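What follows is a pair of complexes built around chain A, which joins chain B in one and chain C in the other.
Showing the complex of A and B:
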């Protein structure tokens, strides 16, 4: 069995929101990766757009490793290509991992991480990812109605469609009132 | 494979991170044993989700009405997705999909015992939703605080979805318990079948659970098996009684002093029998998984052929 390449998946919950990493899928190519990503990560909560990028195109480092990249003599300069930078800024529990912070231009991914560490300093980041923009495949805004909207309409998949709390409360109150409980 | 010497300093620093409540991510240093235990635990959790599609999946074609069918389809699809989140989490630790699935198919990896039992009536579907998914929520709510980032995130996402599973089941059980004599008898029969297998989902008693001690030290588990089991029993018993259903435990009693519903002895012989492969449907579950994999080969081949042809075609 071949498990096919792995693609990291990023989703956006709203038009303005940042893309956030939610996990990964295996697929033969990017078209299948986007479909699989929709099937696995598009059910809940609602999303408006998805990105996938081959795992091999992502360079990841923790804060210690990124710090070492900026040691004197190691920093590589040069204009290079555009890299998107994602970070994890908190140990708080969440469904999502690294979040889009911005972009830098650099000759390679490691240089991009080093530059990002110097650029995005407003909050401490525990994990850093750099992905070349050219490695990312995206859904279109046209795709919302066909790919993502149907999931939001299936209300029978929501816990809110089931009123077990009020059912139990009524039953318990009725039984303490001495009323016989049962279907007519 | 190179020898890894784990210094006392490294282990102490790691433990300090755990104690500070920091999340460990895949780039971070971790003891070899932490990595291996998590791969085992997470992959077996993933296998449980996938195998867990089978007992209820059997009723999709026989659901009593369209709405029940839609709800059941959605639930079973969710379980497939949960398996995917968990396989992903195990992969961040270096496990591969091939290895994990091979171990399952060879009978070398475990999955939750509870899925080795049959579902002879429609009411079993309702009871699985309330009891089995309800028990999973108790366990997974705790695991959402686990120290390993990808596992914790998978648990948070799964917990959010599991609420629907439990409530759709509970709503049906309530309806049947308060329904016709036939419905009430059907659902009581299902409770009688699923009560003890559900309690066994929480694992061995604390006194015999060897993995738990290390897992608690490393912040993967934060409550013991017996604590979680007691939480679950305290939640379910009053609600079952309120709708006129009984629990198949002649020794069940309420202890005023602790406020706990105390249960009788769990039959651990049965647990070991089923875990080691001698349960009602162990063979059927595994052959269903192997068949799905083997019979699905043409789909994987077709997808590869399609992608190759696309790549070869002119822009």
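Showing the complex of A and C:
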């Protein structure tokens, strides 16, 4: 069975926050990928913007591989192409993977990763992604009102709207309170 | 608001509410069966949005008449419903559902644009709430109609078959206000609206090489009668509510 191309999806949850990778969708082109991304990942707020990039445009490496890249002979300087750099710095956050760190200019993706490893050193990263900026398609600010804002009024979609733990505690406490509970 | 206006607005809102509810229900029938996983989620989302819109229109009825929205949705029978036959049609294949969605979305967007300038505040408020979601629905359905119409020979054929069935049913796509209501500025005139809508839809369909069935273009007409598919739809939709009337949810 054939499969449509896969696009990685990045979500920006707030104006100041970074884009984070939240998963991927299959689509025939970027227009459909953005719509699918919104339907799959934009149902629960908050989202202010989304990016999609074809999986084939993403070059990834773990920290060892990036370390091996860090060879001055291979890391050519020069204006080059703008690459966005994403890293996974911790194991927190089960619903997200890599997060936007910044961008570098380099002649190709591997050179971009090497340069990124030298540039973004504030915390050790497990995984590095480089994506040419030209491969990324974005929603517009015009899209917020129709694509993302309606969900903001629907907090009932979020599991956090249901205070399950405290409700369960109350139920359990009530049942040990001398109130009869049948042996069914 | 005078009593007669109130009665007429109630019927107008019911035409909107019942159509949204029926359309939402039809689209929900795709859950778990859509051709692509992402579309399964999309159509379920759209369906939920439609049902949410139905709720808003039922509440508008309730504001006027005091009737309970749940009773309106679950305890009226097919002859009492004011939905259009367009939305009552079974879901058909994906092409049919998507084309119907496109026709319904484009009509609703145009209607909401006019309701946004109604002299009735409740219409203005509801149009403002509903329009952003309809913008998104429209984008989605229009892009699918285009893809399928300009796709393979099979997708083109299915789209054309869907259009052949749906086009005559568009005569009832817009709700019918009474002449007084339209004249009063509470609602737009549906005959005029239909003309504007049909022009823009026909030009889009031509762009994507679909042909409206031969003969006269439909004209707006008031809703009367229902598809024979409505009664079974309601029987299914209302079944749980009817099992125990007066149950608290």
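Basically, the second predicted complex is superposed on the first by the 151 of 184 C-alpha atoms of A that agree within 3 Å, B and C clash if a C-alpha of one lies under 4 Å from a C-alpha of the other, contacts with A are read in each partner's own complex, and residues count from 1 in each chain.
In the analysis below, a residue touches a chain if its C-beta (ideal position, glycine included) is under 8 Å from a C-beta of that chain, and two chains touch if they have at least 3 such contacts.
For clarity, every value in this text was computed on a predicted model and none was experimentally measured.
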Inset, instruction - Quick one: classify A:32 as touching chain B (first), chain C (second), both or neither. - result: both
Legend entry - In the superposition, chain B vs chain C on chain A residues touched: B
Legend entry - First (chain B), second (chain C), both or neither touched by A:43: both
Inset, instruction - State whether A:147 touches chain B only (first), chain C only (second), both chains, or neither. - result: second
Inset, instruction - Could you list which residues of chain A make contact with chain B in one structure and with chain C in the other? - result: 25-26, 28, 31-32, 39-40, 43
Legend entry - Footprint of chain B on chain A - complex, ascending: 1-3, 6, 22-26, 28-29, 31-32, 39-40, 43-45, 60-62, 65, 88, 91, 93-97, 126-127, 154, 156-159, 161-164, 167-168, 171-172, 175, 181-183
Inset, instruction - State the interface residues of chain B toward chain A in the complex, per the touch definition above. - result: 21-23, 25-28, 67, 70-71, 74, 77-78, 81, 84-85, 88-89, 91, 96-98, 101-102, 144-145, 149-150, 152-154, 156-157, 160-161, 163-164, 167-168, 170-171, 174-175, 178-180, 239, 242-244, 293, 300, 303-304, 306-307, 310-311
Legend entry - Touch list for chain A against partner chain C, complex: 4, 25-28, 31-32, 35-36, 38-40, 43, 145-147, 149-150
Legend entry - Residues of chain C defined as touching chain A within the complex: 36-39, 41-42, 45, 49, 132-133, 135-136, 139-140, 143, 147
